[in-house]
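Below you'll find the structures, each written out as structure tokens.
The following pair of complexes shares a single chain, chain A, combined with chain B in the former and chain C in the latter.
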Partner chain A sequence: MRREGNLGLAGWVFLSPWLISFLVFGLYPIVASFVLSFREYSPLAPQASRFIGLANYAEALHDGTFWHALGNTLSFTFGTLPFTTAIALALAVCLDKAFPGRTIFRAGFFLPTVVSVVVLSIVFKALYSPEGPLSGVLQGLGVTPPRWLLDPHTALPSIMAMDVWAASGYYMVIFLAGLKSIPAELYESAALDGAGAWRRFVGITLPMLRPTFLFVLVVNTIRSLQIFTEVFVMTRGGPLDSTLTVVYYLYDQAFYRFRLGYASAVAYLLFAVTLAISLLQVRWLKLAGAKE
Partner chain B sequence: MTRTRMLWLTPVLLTMLFPLVWMVFISVQPMAGAALSLDAFRRAGFTLAHYVALFREAAFARYVFNSALVAALVVVANVLTAAIVGYALARSRNWGSRALTVAMLATLMLPKQVLMIPLYLVCARLGILDTYAALILPFAVDAFSIFLVRQYVTGLPTELEDAARVDGASEYRILGQIVFPLLRPALAVVAINAFLINWNSFLYPLIFVDSDRLRTLPVGLALFSQGEHGVDWGLLMAGSTISALPTLAVFLFFQRQILEGVVAGAEK
Partner chain C sequence: MKRWIACALLAVALAGCGHAGGGKKTVVFWQFWPSDTINPLIERFRAENPDLDVQVEQLTWQAGQEKIAAAVASGKVPDLVELGSTWFPAFAHQRALVDWTDSSAVLRDSLHLWDMASEDGRVYGLPWLGGTRALFYNKTLFARAGIDSSKGPETWPELLEDCKRINALGKGVNGYGANSGERYVLFKKFMPYGWSNGGTILSPDMKSVTFDSPQNVAALKFYLSLADVGRVDHQALIDQAFKQGNIGCVLTGAWLLKQIPADAPDLRYGVCMVPAPPGGKHLSFAGGEILSTFQKSANPSGAWRLARFLTRAANASVIAQDQKSVQPAAVIASDDAYYAAHPGEKLFLDQLGSSVAPPNHPEWGRMEAAIETAVEQAMYRKITPEQAITQAARELQAALNSPQAASPAATSPRAKG
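And now, the complex of A and B:
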């Protein structure tokens, strides 16, 4: 029984790829960017870098554009979350019980998830174009179509609609796994007690899915708060900054204005917002669970 | 009951798939002007001219090559490191492996926008900005892949390994000849996930690489779609279709592994 459950020196050799990668591309960058967020730093003039305390954070908090970008990002996140979650859950409930063609439907709804967001954004930019099919259908129905991505009032909602479309299939798969883990006996005994389909859904399915809901909400929130690619491809933040998101703002500050220190501070502010919202969601769902 | 379900789910599915079908449709339409309008359906034709034109353009063929090369190397690196590290994490009980497991879970939760700028600076410091290395090295070891393998190894019996140890086999031989073949199902999930993520990756290739000849397909397409002299939708949709095809094919062949990967992510 030598070295029970221990690989000895070989164990460390095996762990080394992860250790090196974690130190070089994980721990070091995190620490470095935290330090950087207190400095003024431009890659064009690295020797002029200097410590400026909390000035980067103060500047962001006094910058109207930052708040505007944060507002857009929060609208995007909380505007899409209910729709994505509801559609994903509805699809999952429809596909939970076996019926002919179920795997085809499941695959079909999941399909957009495997396609690059760049491609999806290009396709939706075309769909939303003034001469595109969406406007064409509305015109055919005698409705004046909105100007979609070209109008500051409709640009962000247009991107949100695309995101709901693109993301629902992914969360559907997670809800399907959650539904499968609910013991069938619960439904059987409820049915014996005379509970109808809706009562069983509200009384059994929803409470039993709480961990799944928590995961879906938190993961989708974290992802949505980082929305970038859609904006880059479809609008570049315009028109009139109406689709400017925090990560796009951060990208612009870092790689067009070369203000890496300031951009790092913005990144940490977004991280703080993300963390706060995730913790609130966890608490909220725990409280909802405790009430029952 | 199930009949009706199919009847109303079918139009829902078709609506959801319309954008992708339309993408392929536009990519094979001959006409130039008003390509996007509803009229296009009435005048539908077929041509591969956009695809031919696309590959005649040296830059585009290069994007496809770059994407394929980078994805292949990242997949191989991911599979190898996930197998080695995941096995070690599952089988060693020293403080290091426990600390590493915690650190790994922490990285999984870290939003990548916090890492965007520092990773850029690390690549600059290493002198690999604007090279293939910047597209590969930071992604060669993936925490989630390691985690998947670790979970899989934990479920494997240790008898085979112990027997080999009694016979005097070295730890390296045990890993290479006994454990590695057993990991195939988990490594398939790792490889497929790594391919999908890397082939579609956009943000990091966008900021780590500047030269046109090193651009990957998503970056090339995104920048092409913002061309200054108007957009050629036929070309763009052909390019988009080419970008989507490999992932769609992988999905159709490995549906089970991909959906398993999604669920494994949710259960961690």
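And now, the complex of A and C:
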């Protein structure tokens, strides 16, 4: 009898598509970029690469543009997180109950998730243009529309609004799955005890969803800290670097300035920030759970 | 048994990844033009060169540079590559490209734009196509504003006055289209006014910064006055607004010559040279496409033959006439029948002859970004024009002093090709 965990040849063969792609496209770049972050490295002159210790990290920490990009990235993350989570939860609670057409609504809210971010970004760029429908509606109401992506004050919030709209549907599905795992008896006995809908939501739904919350918060934070495509398509970091994010900054350094070592160091600094925030979130939610 | 079937399937799958070889020698060519445009030329090349085959790969402007840099880093480079002129200095500076100085000497008189393909007096590619910016103006709006629409504005005062009068028409109509909100565009729209006014960026030997000058300050003030009577927007949206008939004047590329007949066939428009300041010139921005081969290319001689073929006037003209966004780098006869029949494209060809290419400095990307940031800050009234020019000059000096600007490591010999 074969022990559990001993895969055998066929097991490895079936695992190989994932395993090989993980080793080649996952683990190898992770390790290689860590090594690169301690080197001066231009892809155009790999032979001139040299070890420079922590110089790349020191340069990034003394670089005002890096801090500016990090500030924008954190604003984006913590500006979108509450809205995405609240909207996703509200949608999930509304669409959890059976009613005619529920599937259509669920599919509709989930739809942005399956559309390419590039396509969404192009559509929103047109939506935000001075001749776009958004400005048209505001003008129709007698309001002077903001300059959206062209005003340094509104460019980042405009991208954030799009992100909230596009991401809520995905987290809605996760919350729906979480809601399904809550035993119906809890609601029934609470109802027998005379608890109203709001009381049931606060007393049962929210605490029981804590693991789902943790997952949504952590995953959404990590994803938001890596924001790139929207910026690349819609603003390229402008105007006046108001939408410059860390990943766009490192992309610019790596592929326009050919400074792969420095860009790798920036990537690892972002990784450190991401790890710290995620650990804090896990700790905070666990503490909140322990108090109850 | 199942195990063996799985192994056999995997083996078949892996075998499918193999590469069949043999036959003629192949030239791997990475370029940016659509297959409809490039393939007929490649077919003609194959017919003329039966010993060579060409494998064409189309890159995108969004991800092309990334892909080329990754190819150089991995050593798996194409034989011939089309490089944008703003990318070229970094590749040439690192000696990643083959030195064609000697072999290209015979072509000196048949091609323009050699500065774009050279670094330190050495030639690292053949200039293939050139691109510049000229002034498009809307004749209908000119007539509505009571301006003579038979010709475009020739001087700065004329341009500003025309834009003011058109802007006063109101109802969503703007005098001028000024760029903002995206990188690597604004520079090409501002600097033509700087160059026309006698402004410069670096000294000819690229050893010192000459950007901080009254000429560039005056040009920036003029650009800001245009933005005041215009619309500030992304390039694509400015082009769109011009096609919709909502912008009087816009400094943009020849791609509109192809787009307008398709998107706005009823638009009445004209094209003219960049207006000159009093006593100044009509200078524009020059960019272009360079054909180069890498030190590590497998077939440098095949690449050279293909580059020579593509840069011939008749062949480069095929792309220029099909795409209209570029002009051949090859010398075109002044009585060329095609250009005589296409005045818009002829104007761009003439403007290309009065254009300035940015300095071929390895830190050019940083310098371009510095100028754009400063000009944009002035457009948003964060700083004065004087402060903007001084700030950009300071950043240019920092780029000149940076280690990346130093001579490349002398580890790679200059190969002759």
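Going forward, the second predicted complex is superposed on the first by the 269 of 292 C-alpha atoms of A that agree within 3 Å, B and C clash if a C-alpha of one lies under 4 Å from a C-alpha of the other, contacts with A are read in each partner's own complex, and residues count from 1 in each chain.
To be clear about the criterion, contacts are C-beta pairs under 8 Å (C-beta built on N, C-alpha and C of every residue); 3 or more make two chains touch, one makes a residue touch a chain.
Keep in mind it's a predicted model, so treat the numbers as computed, not measured.
In the three-chain model built by superposing on chain A, chain B clashes with chain C.
Of the two partner chains, chain C is the only one touched by A:155; chain B is not. Once chain A of one complex is fitted onto chain A of the other, the partner contacts of A:146 are absent, as it touches neither chain B nor chain C. When both complexes are overlaid on chain A, the residue A:255 reaches chain B and chain C alike.
Shared-chain residue A:229: touches chain B; no touch with chain C.
In the overlay built on the shared chain, the residue A:10 is in contact with chain B and with chain C. In the superposition on chain A, A:241 contacts chain C only, with no contact to chain B.
By the touch criterion defined above, A:47 reaches chain C but does not reach chain B. Comparing chain C and chain B on the residues of chain A they touch gives the larger count to B.
Put simply, of the chain B stretches 167-175, 185-193 or 257-265, the part that bumps into chain C is 167-175. Looking at chain A, you'll find residues 8, 10, 14, 43, 125, 129, 131, 232, 236, 255, 260 touch chain B in one structure and chain C in the other.
Across the interface of their complex, chain A is touched by residues 2, 5-6, 9, 13, 16-17, 19-20, 22-23, 26, 34, 36-38, 81, 84-85, 87-89, 91-94, 96-97, 100, 103-104, 107, 110-122, 124, 126, 137-138, 140-141, 143, 146, 165, 170-172, 175, 196, 199-200, 202-203, 206-207, 217-219, 221-222, 225-226, 233, 236-237, 240, 243-244, 247-248, 250-252, 255, 258-259, 262-263, 266-267 of chain B. Per the touch definition, chain A reaches chain B in the complex via residues 2, 5-8, 10-12, 14-15, 17-22, 24-30, 32-33, 36, 43, 94, 97, 99-101, 103, 105-112, 114-127, 129, 131-133, 136-137, 140, 165, 169-170, 173-174, 177, 212, 215, 219, 222, 225-226, 228-229, 232-233, 236, 246-247, 250-251, 254-255, 260, 263-264, 267-268, 270-271, 274.
By the touch criterion stated above, chain A contacts chain C in their complex at residues 8-10, 13-14, 16, 42-48, 125, 129-131, 149-150, 152, 155, 232, 235-241, 255-260. Those residues of chain C lying in contact with chain A across their complex are 2-3, 6-7, 10, 62, 65-66, 69-70, 72-73, 90-91, 93-96, 172, 180-184, 231-234, 237, 240-241, 244, 246, 365-366, 373, 376-377, 380, 382, 404, 408-409, 411-412.
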